[in-house]
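First subunit A sits with subunit B, and in the next complex the same chain sits with subunit C.
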Partner chain A sequence: MFINKYGLTTLSYKAVYSYQSIKLFILFRIVDPFMHYIFFATLASALVGTSYLKFVVLGNIVYYTCQTMMINFINMFRMERRYGTLELNIASPTNTLYVIIKKGIVPLLDSLFVFLISIILGGILFDLNLPINNIVNIIFLCLVTMFTMFCFSLLFACISLVFSNVNLFLNITLAFLQIFCGVNFGVNKLPEVLEFISRLLPLTHSIEALRTIYRITKYEVTSLLLKELTLGFCYLILSLILVISMEKLARKNGELFKDI
Partner chain B sequence: MTTINWLTLLVREIKYFTNFENKMYQFLLFFQPLMFLSIVYFLNEYRGDINDGRFVIASALISMWSYVLYSSGSALTSQKWSDTLKLLLVSPVSLSAILMTKVISNSFIAMFSMLLSFIYAKFIFNFKVEIASYTLFSIAILVLILSLSVMGLILAIVFVAFQNVYDYQNLILTPMVLMCGVFIPVEQFPLVVKVVSYIIPMTWGIKSVYEALQLSSPIYTTMTISILISLFYLLAAFFIIKRIELLLRKTGKLGAI
Partner chain C sequence: MSKIIEVNGLSRTYKLKEGLKTALDNVSFEVEKGEVFGLLGPNGAGKTTTIKILTTLLLPTSGEVKIFGYDVVSDSNKIRDKINFVYGGEKGVYGRLTAKEYMHYFCTLYKIKNNNQNDLINNLLTLVQLHEAENQKIHTFSKGMIQRLHIARCLINNPQLIFLDEPTIGLDPLGAKLLRDIVKQLSEKGITIILTTHYMQEADELCDRIAFIRGGKITLIGKPDYIKKSCNNLNLFEATLSINDIEKLQKENFFRNLSIKTIKEPYYIINFEANEADIEFIMKYLSNFAEVLDIKKKEISLEDAYIFHMREVINK
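Presenting the complex of A and B:
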């Protein structure tokens, strides 16, 4: 069903996916994550020593996966707006949400690839040996994290339509996630109010769960993933409300936002 | 080009890129230092005895380099996109003078992010940045600006000379930060990496700043090497730009433009 040559997923991939050649794909989906991990691993090593390296790399694996998903989503919406197909999506008899979900398969698969390759890279370069006896937890974590990231990215991409400079909004959001989701340090180091906020963000619990699976921290994995899943559903509901409201607004006014 | 023209161009470039209406580089200049300082601040909680000054400067250097890479790298190609390259080529000012103005102004703007890093470090994070000699530190910053300008010039040429380099600029960012000794001193690298690092002008500019911060003894030697290497690249870049200008006037196209 998904490999329909003229389906929405394939057409969306052909139209807006940035890295369609093998060279670009290797560079941006293997080399770039690798450089990202090396960068933060070096930063952490220089600051607090090599004993902390695995902690940082695992946090950044989840972060980079989310970054891939968000950039893909935002790119999809931006291109739709640039080529004027956003209006066509709304005007078409197909349900808008169905269109978005079908097109969202490309970001989902892209991020999944990044996550898997990062786990392999982590094993080869940072001695992060995959705990085979915990494989069920890893699969569960992967599914839950992808779902929550997907819902959050959808919400984020909808909000991005309000901004005239999407890049600035994207970069600030990514920086916000870097700091408040415990990517490089535990969220327990944050002041209480900020820790509370961080527990409402999509990556925090997944990062803690991944570190626990790799025996770096000691938390209850199932409980963390259930919290992450609940957050995912909350983001899904919010994004659904936003998509439906924006669609209604667009149908009523004949445009989405003026002067953007 | 008269000095006054050159200065006017410089001031205009600085005004344009630091204007809040221009959102293009706001993240790099204003938010990125804040992000890195936050990471340094909270990582410091794990150890507590971090050399604050060095990491405040490291945070600033990342933003400075990012800004130079994205702004100076596309100094000429962006003129092509906005269709003003033809005007520049037929103007009575040489291409090298225009490019020099752009890369110097970009390096000065990049310096704002260093100033901002110090302000954030002092007033938000309460970091203690102890500068042994302000005079020497200021000279080292000027040396760094020279090396950043030269790097910008090299990038501008590379971005013009080769097709699609612009697509790969994100991939240049991180390796350069790592290789120029922003976090770990170049002396600790393997020999091959060390050799490559030492031929990058920015390595010496960064080394000068770190040495000026702690008043390390080889500071004058490092600054001299930094200036000499920068001048060498500057001279080479000047001749290459002359050649690019000639080719552009003759054929109307070259590499990416």
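Presenting the complex of A and C:
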């Protein structure tokens, strides 16, 4: 009812989005996160004991949500480059950033779905009971985390345009996030300089906030989420600057992106 | 007639690892309203660079380019509202969408109001004869259908100037003919068209004026007839011969750019260029090698003129 079947977002989804069948969706949005959490939970239990299990699973829930958004955002751009349609989009009178944001709505909804499914899976598999009395904080965390991830993915998608091997760039970035955002261990265990870097990345504060909401760690949730929100705005501004600079550079150099 | 395009002293260089490469060197030309203007030249001559600059996708290194009186460097947004472009080939489409959905997508990008989109799309798909395939997925389309869809897409913003970069590349003769007819229709509506193509017959049929571009410079510009007449000193002959020793003829320096087509031994059709214009003399000379069954001086086509002017590049 609220979906415009000829809108930019709907048509972008139909044109370039990877998961268009229920079978694929169930496989990649339910079975795959399930396997991911089982793997890391088993690993954590085997290495440091079951007391650490919830800590790891909560970190991985935020990480997996971000991974979903980034992979799908990048895939859409990769498909646009493969089809040779990106130039046509950019040459149109519609603002490029607006086009990119519209295209990002489906990955955003997709990762929101993954987050919700993961919270349910966490409850069923690892006894991570949703603290209902903290529901306001959960909703706030969900909104802030999604916003920051979206802005980071936007920035990431713009940068990826200059790489011919997008997959390599994507894999390195995801590995970097997994190590430096406190997914499997607290960032306070990192050397000071690296901890400083991790505090500039998305996820770090969201992961700490989620663990606090679930009473695994003790931090100030609102403060963490405000820091995360600030980071999100910074990424948005950087994306904006990057899109404008890249458009100018493309007109100067004669190419917007590397051929793939 | 008003000038739609004014190009003065346009140059463009690219920085490469090997150093600076000049793609366009002091190019100047003008295009009038409603003209079909052909830009012809070998690969790497600077055609696509010219088109990219004219479509505001690339900045010139030096020189001045005005489209509708607007500068391509500072007024690109004003220009983009009034132009559109089609690059040849099968890229630039979303295979999973239907033709109608594809058109809706670009209607939204070109800020066409939702209420007006259906009528516009119907009209455009009818113009390019794709209305019956409007609900068909694009990945099932032939090359010709994709090219026609590109044309429909490029008409969404009602452009007064269209750039067609090798639009008939890879099309079968029927598909190419259909596309040429569409180009003629657009031209009759007063739309100015800039066309690049490697098919000389197509350029001859469609273009009001043609520019030959070579090594980043425009070497000749004018109406197709003018270009053909510029090669009036070119003596091209076609002869039908009965000959036993064709190799002897091939070794003869008198016949330049000799091409030989075998009908059935010992009968051949040869095409060649000679310094001598007198057909009697040529016939007499040929009879030293073969029995001349027929000989005629060829009327110079645009292709002949093109080959004549681009010879240095081709020989490189």
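Convention: the second predicted complex is superposed on the first by the 250 of 260 C-alpha atoms of A that agree within 3 Å, B and C clash if a C-alpha of one lies under 4 Å from a C-alpha of the other, contacts with A are read in each partner's own complex, and residues count from 1 in each chain.
Operating definition for what follows: contacts are C-beta pairs under 8 Å (C-beta built on N, C-alpha and C of every residue); 3 or more make two chains touch, one makes a residue touch a chain.
Keep in mind the model is a prediction, meaning the values are calculated, not measured.
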Superpose on subunit A as described above, then tell me if subunit B and subunit C fit or clash.
fit
Touching A:T50, do we find subunit B (first), subunit C (second), both, or neither?
neither
So, A:T85: does it touch subunit B (first), subunit C (second), both, or neither?
second
Does the superposition put A:G7 against subunit B (first), subunit C (second), both, or neither?
second
Angle at the Cα centre of subunit A spanned by the Cα centres of subunit C and subunit B: state it in steps of 10 degrees.
90
Return first, second, both or neither, reflecting whether A:T94 touches subunit B, subunit C, both chains, or no partner chain.
second
For A:I179, using the defined touch cut-off, is the partner it touches subunit B, subunit C, both, or neither? Pick first, second, both or neither.
first
Looking at A:L24 after the superposition, I want to know if it touches subunit B, subunit C, both of them or none. Which is it: first, second, both, neither?
first
After superposing the two complexes on chain A, what is the shortest C-alpha distance between subunit B and subunit C, in Å?
18
Contacts from subunit C onto subunit A in the complex sit at residues 14-15, 49, 52, 55-59, 76-77, 80-81, 85, 87, 89, 91-97, 101, 104-111, 114, 117, 153, 157
Subunit A residues touching subunit C - in the complex, by the definition given at the top
4, 6-8, 11-12, 14-16, 83-85, 87-89, 91-94, 99, 250-254
Sites on subunit A touched by subunit B in the complex:
24, 27-28, 31-32, 35-36, 38-39, 42-49, 52, 164-165, 167-168, 171-172, 175, 178-179, 184-185, 189-190
Any idea which subunit B residues touch subunit A in the complex?
23-24, 26-27, 31-32, 34-35, 38-40, 42-47, 50, 55, 58, 167-168, 170-171, 174-175, 177-178, 183-184
